[in-house]
Amino acid sequence: MRDRYALALGDDALVLAQRLGEWVARAPELEEDVALANIALDLLGQARTLLTYAGELEGAGRDEDVLAYWRDDRDFRNVLLVELPNGDFAVTMARQLLFAAYQYELYDRLRASTDDTLAAVAGKAVKEVHYHRDHATQWVLRLGDGTDESHRRMAEGLRAVWPYADELFDGDDVTAALSAEGVAVDPATLREPWTAYVGGVLAEAGLEPPADATPRRGGRRGLHTEQLGYLLAEMQHLHRSHPGVTW
Amino acid sequence: MRDRYALALGDDALVLAQRLGEWVARAPELEEDVALANIALDLLGQARTLLTYAGELEGAGRDEDVLAYWRDDRDFRNVLLVELPNGDFAVTMARQLLFAAYQYELYDRLRASTDDTLAAVAGKAVKEVHYHRDHATQWVLRLGDGTDESHRRMAEGLRAVWPYADELFDGDDVTAALSAEGVAVDPATLREPWTAYVGGVLAEAGLEPPADATPRRGGRRGLHTEQLGYLLAEMQHLHRSHPGVTW
Amino acid sequence: DEREAAFYAIVDSDGRIEPRDDMPEAYRRTLVRQIAQHAHSEIIGMQPEGNWISRAPSLRRKAILLAKVQDEAGHGLYLYAAAETLGVSRDQLLDLLHTRKQKYSSIFNYPTLTWADVGAIGWLVDGAAITNQVPLTRCSYGPYARAMVRICKEESFHQRQGFEALLTLTRGTPAQKAMAQDALDRWWYPSLAMFGPPDSGEQVSGGHTEQSMRWGIKRFSNDELRQRFVDMTVPQSEVLGLSIPDPDLRWNEERGHYDFTAPDYDELFRVIKGDGPCNAQRLEHRVTAHADGAWVREAAAAYASKKREQAA
Amino acid sequence: DEREAAFYAIVDSDGRIEPRDDMPEAYRRTLVRQIAQHAHSEIIGMQPEGNWISRAPSLRRKAILLAKVQDEAGHGLYLYAAAETLGVSRDQLLDLLHTRKQKYSSIFNYPTLTWADVGAIGWLVDGAAITNQVPLTRCSYGPYARAMVRICKEESFHQRQGFEALLTLTRGTPAQKAMAQDALDRWWYPSLAMFGPPDSGEQVSGGHTEQSMRWGIKRFSNDELRQRFVDMTVPQSEVLGLSIPDPDLRWNEERGHYDFTAPDYDELFRVIKGDGPCNAQRLEHRVTAHADGAWVREAAAAYASKKREQAA
Amino acid sequence: MSGVREIVAAVPDPELPVVTIEQLGILRDVRVGDGGQVTVDITPTYSGCPAMDAIRADIVAALAGQGIDTVDVRTVLAPAWTTDWITPDGRTALEEHGIAPPGPAPAGGAVTALTLTVRCPHCGSPDTRELSRFGSTACKALWVCRACQEPFDHVKAL
């Protein structure tokens, strides 16, 4: 059961790393090429540890690469938020704010997990994610309170990703059982601090949380958007073309 | 040697069919969704026959799907022109004009091939390609002689694809030997009628053939653009994920 | 009045109303809405299947899929032309689609997640569409009835190909069979919902069905058509070796029909209202394609008018 | 004059010129051009490798590649800052790049066609870059020399990783080994061309090398550096088990160096002139990214100025 | 074994089931071998025609229904299909089902961009216009009648 928890957290990080990697050599300024690559690299590192651990717990001999490259999209467990296309920089920063604010609260609590590996991952990652959250915060402020165009784009970006925030706080049997044991963090407990943080940033940026968004969910159950299949086709093609070799 | 000739012609058709398929449900009007799907389907049909024939000639048991799905980009023999990204509708129509005008002259002559299969493919395809050429012609005229914006875009589209036209007329050892036997058509002989046709269309459309373009080539030797790898990753991912099964 | 009497005389005798005939305004409006919704469904319906053209797992399947999506665009064209016989232009209708004032079939607001979904759409969605549309070949409005004759024939071919694609999967590897079962699991209830709300519900909500029946536009109730679809589909699922995800599905000897669990109509209404997984995506895709093509259509119009002037 | 004498006194004694020191305008301009070209090469150089980030065949390789490309962006930042010590802004330099008035290394105008190309770039292109740059750690201009110390260290790490990636391929399946050999076949001569035209050619064309040497910017001739690179690389290719695509390559006992075939300098000039396989693509990609980001940079500037006003 | 050709000839076209494969001219030959094995030649209307597999299956099924199990259905490309091979009763069947049949195919193997007036299969008026060069399938164009406003398919001369 822990393996499923680790897998879901690992998939979140892996898919978002893949998306952020698409920005490299395309960012609005050189500093952002560096920053986005760095955030992607942090997430990829988290993903590798979590997927490796998930494979060990599962005990079926699947390592990080088998899990990343040989599962189809119906078997990925990431939230939909992280697989959304990058859109413009405002969409990406809106997605970053929502996700990093969630991941920060999550890892902050997961440091106290009774599972030593998860606690260790969280302890290391929380510092990285603190920086990610700060990076997104700075940009949401700049764009929300920058020019008219940037404000409009930032508001649109927020509208595009907002329906996908709710899923971050969805629990299931696994998280319920594991959080009762002190292994996992009950996602529902993250909503309040998340709302406080994100709400504060939006208020300062002069942005409204979109009101009439219908929540979108499904990723945690393997029901993804049509976008994930394309992401995986690109990511996995070379690896699958040479089964079993060492790279 | 014939197998290599059939393969090159088949790859041209396959890759362009894949590109045109990307337009479906994205075309500027419904008639064009139909037309572009139809042209893609014609090309796909030509590709299937040619790849099947290439596999038979080779005699190594490779059928159309093995050839389409299990070769990497270094082994594809299509001209670079057909793998260029779709761009806007003007880029696509410029590419269509250049390619269909070439393919028409080619198939028109290939009907007289001493190779019965190639002659039959050409006899069937020449009628289809005549439509393709006419379709592209009509659009180049409309866009070239439509609005200021369409003229500008059409001129830009032409500039984008023009450097890739030269490769259409490149011969090599294979085409030289085969055209001496009456099997193949020497590509160099197509340049003059092609130039006459395309030049006529451009003149009527009020467009200039771009002057200072450096020719780009390499596809016939497997030296492709960086774009082809992405096209193949998307096209081949599912097939390669289930080796040896029937679909 | 007299003109209305003439209209009902034709309709009641199972005759055909033609474009130049007099017809009640409400009849015309109902038909416009229905034909437009049908046309919109064809063109939005290109998206979920078009999603797999680039990734089709064999060249043969790619060709079949391309041809099918081309057919759908062709049906769209044909139906917009049929609607135009009622005095509305395609541009007007597209505008109503793009501004969410007219609907398309909610089934297309579900995503195609695997290749098997393409087969499932052919088998189930086209199957349900045909069940809905075959009675429309006897519709009182001539151009629509004749369009339906043609479209039903082509859709039967699509349905056969979808079934055959799924059959190939269920006779394939365990992974392929699982893919097919997963697709059936996800598409079954949305397909049942394609027949609309249950009869009682609709009759309560205003008698649309009754009016359409009176006009010879509708011939069977939603539940009758849904039952017909289930009765036709269950034996096909057995040939495929797939399990319909309904534990209560069983043959009712007495009724001579299958008993089955009704779809979740609340979900249907939510999806119609706009809350399906892909409503926003489908419409945005459509609107973007239309907007991106504006300069092309403008150029074509400008060119045509230049040519007309030159000819004059 | 006196100031020039002071300048040459520093240069001749192998000292360092610092930003506030007097320097001849021609020296400053040469340095600006060279540092800018180097910075441009770092950021354009992100593209061919960035091309494989999404498709890297293992998560470990993906991480290594991401880190490497991040380093390149960092080097770009560092070098633009070094150029700014000479009184030109990054914006000015980027504008010169975007309008083709300044160049970047022509090596990046070749495409990365397979995964092995990423390894080949690390091994050969970074290897050649280091060979070029190590002497620059002793460059007379302080900020540039210090930047080179740091950059060379990181690039040595990259070169080692590229070599290791290729070694994994050559020890892998025949398909992997063929991929590595193919990459070497395509990247060998372009890498040799990275050292520029042959000495005789350049001296004839105006004595740039001599002037740069006099200024302590250049320490070795193009051919000397090229020979150094070949001598270093050939034994590495033997460890890899790959064949350098040069039938005339052999050890010359007398010279104590490898004899080798020179690259096709005509091709080099064509590629520099703009006719490489990817010149247009690389620059267009760069210009598009910059243009697409304009609104972001404007917003950041507007926000910063609001905050300054609020603070004032 | 007389009657074999009739069985095959009666197979309807899967995409245009109002006509048979013989009426459409895509059935090229039926031969019965000494051992009773049947060889059927069919030709596609266009290169990419995805209905060929379905046609093959339908021919095999039709013959199997008559107890004939050794059947080889071959696809031949040459000579290329032309709409001139649509039989007179095929044309009539198309017209009766609202599809305007093609005129004579242009000479020289190519197609001409010029299309002569197509009569509306519904009201017979020649006052019609082409709406789309391509219809729902490759061999058809979509036309509209100006007289009765009916949209209709027209099989293009090829």
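Every chain is named by a letter (A, B, C, D and E) in the order it is written, and numbering of its residues begins at 1.
Here is the rule we go by: a residue touches a chain if its C-beta (ideal position, glycine included) is under 8 Å from a C-beta of that chain, and two chains touch if they have at least 3 such contacts.
Everything numeric in this text was worked out from a predicted model, so none of it was measured.
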item	value
Intersection of the contact lists for chain A and chain E	B, C
Far-end chain from chain C, centres as C-alpha averages	D
Winner on C-beta contact pairs when B-C is weighed against A-C	B-C
Centrality ranking, top chain (CA atoms only)	B
Remotest chain, chain E as reference, centres from CA atoms	D
Rounded Å distance, chain A centre to chain D centre (Cα mean)	35
Whole-Å gap separating chain D and chain E, where each centre is the average of the chain's CA atoms	63
Mean-CA-position distance for chain D and chain C (Å)	58
CA centroid of chain A to CA centroid of chain B, Å	41
Multi-partner residues of chain B (at least 2 other chains)	30-31, 34, 38, 41, 44-45, 48, 72, 233-234, 237-238
Set of chain D residues in contact with two or more other chains	55
Two or more partner chains touched - positions in chain E	48-50, 131-132, 134-136, 138
Chain pairs that touch, as defined at the top of this document	A-B, A-C, A-D, B-C, B-D, B-E, C-E
Chain B contact footprint on chain C (complex, rising order)	43, 46-47, 50, 53-63, 66-67, 69-70, 73-74, 76-77, 80, 90, 115, 165, 168-169, 171-173, 175-176, 285-286, 289, 292-300, 302-304, 306
Complex contact set, residues of chain C against chain A	48, 51, 55, 111-114, 182, 274-275, 277-278, 281
Complex contacts: residues of chain B adjacent to chain C	14, 18, 21-22, 24-34, 37-38, 40-41, 44-45, 47-48, 51, 64-65, 68-69, 88-89, 141-143, 145-147, 149-150, 153, 234-235, 237-239, 242, 245-247
Chain E - residues contacting chain B, complex	44, 46-50, 76-81, 109-111, 113, 131-136, 138, 158
Chain A - residues contacting chain C, complex	72-74, 214, 216, 218, 223-226, 229, 233
